[in-house]
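In the two complexes below, chain A is the common chain; its partner is chain B in one and chain C in the other.
Right after this comes the complex of A and B.
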């Protein structure tokens, strides 16, 4: 730790300070449940958008050439894509449940008061959803 | 403690334990620095001191160039909103005992407004939004029965929460939407619009709802609740914004 100017002097220690520059852009804002639910909602939303883009393209392929469509579909049946599907279902599940929470916050008269509880409810429901899906899905992906 | 020769009061004063607290401040001097930089100070503080006392001790005893705003120092004037340990709060209302002093205390300027020096930001964009929503009572009619405009308890209660605003900008500068889009009116302007929109004596509610029914108005709100958490007066900011949204959609209740 650099020596501090505790001696009552007005002089700062510029050289030490340049080394001690933990977060040049400022600290990360420490928002609570509301902020993190928004961050997750945004990330999952953008992720789902890109999935839908690819999904529409590969489905449209069937009209051009069924053989090419089948080739793409078989390329999807790999363990890596199987794990990607876990992420996809997780993202859609969270986005859907949190979307319902946002509707309640906006339209339910006491929604703003219970937003934090609603967030934990969303997470709880999401965990239940994933517990039902993930083991079965992974058995299909990695099973014989 | 057991110095028998001392007076009781002095002994009691000595018994109060003080702590050395490390305060790390994000400094910026536009005449010297191209980028803000962090600087740490060790300050001797009591548990009952506030972060503002720490800043005073630094400015008066260690580095007189430290620059920050404060006026009343009692949570009314709204001058000393700053980001303390990553959350917007008033330095004069944040007690040292409520912070974890085993770690350094990080103090930096509020986010989203142009940084001028150390902990001072340019508040003009913030007050411009405030002025835009017409924060004054508008009435074209003379008051009935003499000079007073009467209001029932329930009518006054309707907007009581939003009368508490001290315009410290803690809410607006905690809003992730405002950080990236400085054109957004921001929570504080909407809170002060709410104060008049739901005032039974006011006649310009429609005008204010029109102003806020804008691309940069209430619809920018993403209900992150950072503003409600940050408000030093405990105003339910997100609830007030939701009520303005409802008033635009369904007409004033």
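Right after this comes the complex of A and C.
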């Protein structure tokens, strides 16, 4: 059914057909692109939120002393944190692009109809974003 | 088997402001602005010049000497933290089964959010780029001209 009408949220599928459907994905939000976009959006959102809590605290060290702030910042420049920053930017990149997708699906009829295509577009743009970011960042972290 | 439902089902009449609707709108409006604010923040702090290696006290002092970045970071602080907190509220409401669990988690979330908003704003607006008694090599260059 999602094949026929991705936008057909309102057309309920008769119960007996859902039972006999061998694949999950009987609805827009089960087992297919829509579900994965939701799961990833939720996980990245939570991750970024906890990062932000810590990040406001570490930035607050500028009010304590230059020494304290610089000491903590030097921890951010280690290789392990450098990889963590790749993960953070990856999470933000996905959440931001997929957030724009959600907005297009909500407000634009074309976006609703092509929500699945938009998900692949999000992944494509995300790959481009990371190809631009990761090499430069790793050069900064590991480089001369 | 057919089931007939009294039609049309009427929802109870609500009065006052529909906060859930405004929360929904806020998530989308703040999201669009956050794309610009966050990507700008990450670009300037991670991609320009030496990237992370350039970040230290003097770097922050240099940025906050410019009202442009003060406004930028203040907007970033409020929009991102409230967006994230409202999203976390949705998630708590989805998973916390017992009303008491939900109250405790939502209360902790609200408390943490308010405290960090105040702390973050104080840090930006009470920032002192040339604290007395600090070694000059840790401070931005313009401190030398003042002292």
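For the reader, a short list of remarks on this structure follows.
In this text, the second predicted complex is superposed on the first by the 114 of 144 C-alpha atoms of A that agree within 3 Å, B and C clash if a C-alpha of one lies under 4 Å from a C-alpha of the other, contacts with A are read in each partner's own complex, and residues count from 1 in each chain.
Everything that follows uses one rule, which is that contacts are C-beta pairs under 8 Å (C-beta built on N, C-alpha and C of every residue); 3 or more make two chains touch, one makes a residue touch a chain.
Given the structure is predicted, the values throughout are model-derived calculations rather than measurements.
Contacts of A:43 after superposition on the shared chain: neither chain B nor chain C is touched. Touch criterion met: A:106 reaches chain B and chain C at once. Shared-chain residue A:117: touches no atom of chain B or chain C.
In the superposition on chain A, contact is made by A:63 with chain C only, not with chain B.
In the superposed model, A:128 lies in contact with neither chain B nor chain C.
When the shared chain is aligned, no partner comes close enough to touch A:54: not chain B, not chain C. In the superposed pair of complexes, A:34 makes contact with chain B only, with no contact to chain C. Within chain A, the residues touched by chain B in the first complex and by chain C in the second are 102, 106. Here chain C touches chain A in the complex through residues 28, 31-32, 34-35, 38-39, 42, 46-47, 50-53, 55-58, 60-61, 77, 80-81, 84-85, 87-88, 91, 112, 116, 119-120, 122-123, 126-128, 131, 134-135, 138-139, going by the rule given at the top.
Of all the residues in chain A, the ones that touch chain C in their complex are 42, 45-46, 48-49, 52-53, 56-57, 59-60, 62-63, 65-67, 69-70, 73, 76-77, 82, 85, 89, 92, 96, 99-100, 102-103, 106-107, 133, 136-137, 140-141. Of all the residues in chain B, the ones that touch chain A in their complex are 22, 24, 26, 35-42, 61-65, 83, 85-87, 106, 108, 111, 174, 176, 222-226, 228-229, 236, 238-239, 242, 245. Those residues of chain A that touch chain B in the shared complex are 2, 4-6, 8-10, 12, 17-18, 20-24, 26-35, 37-38, 102, 105-106, 111-113, 115-116.
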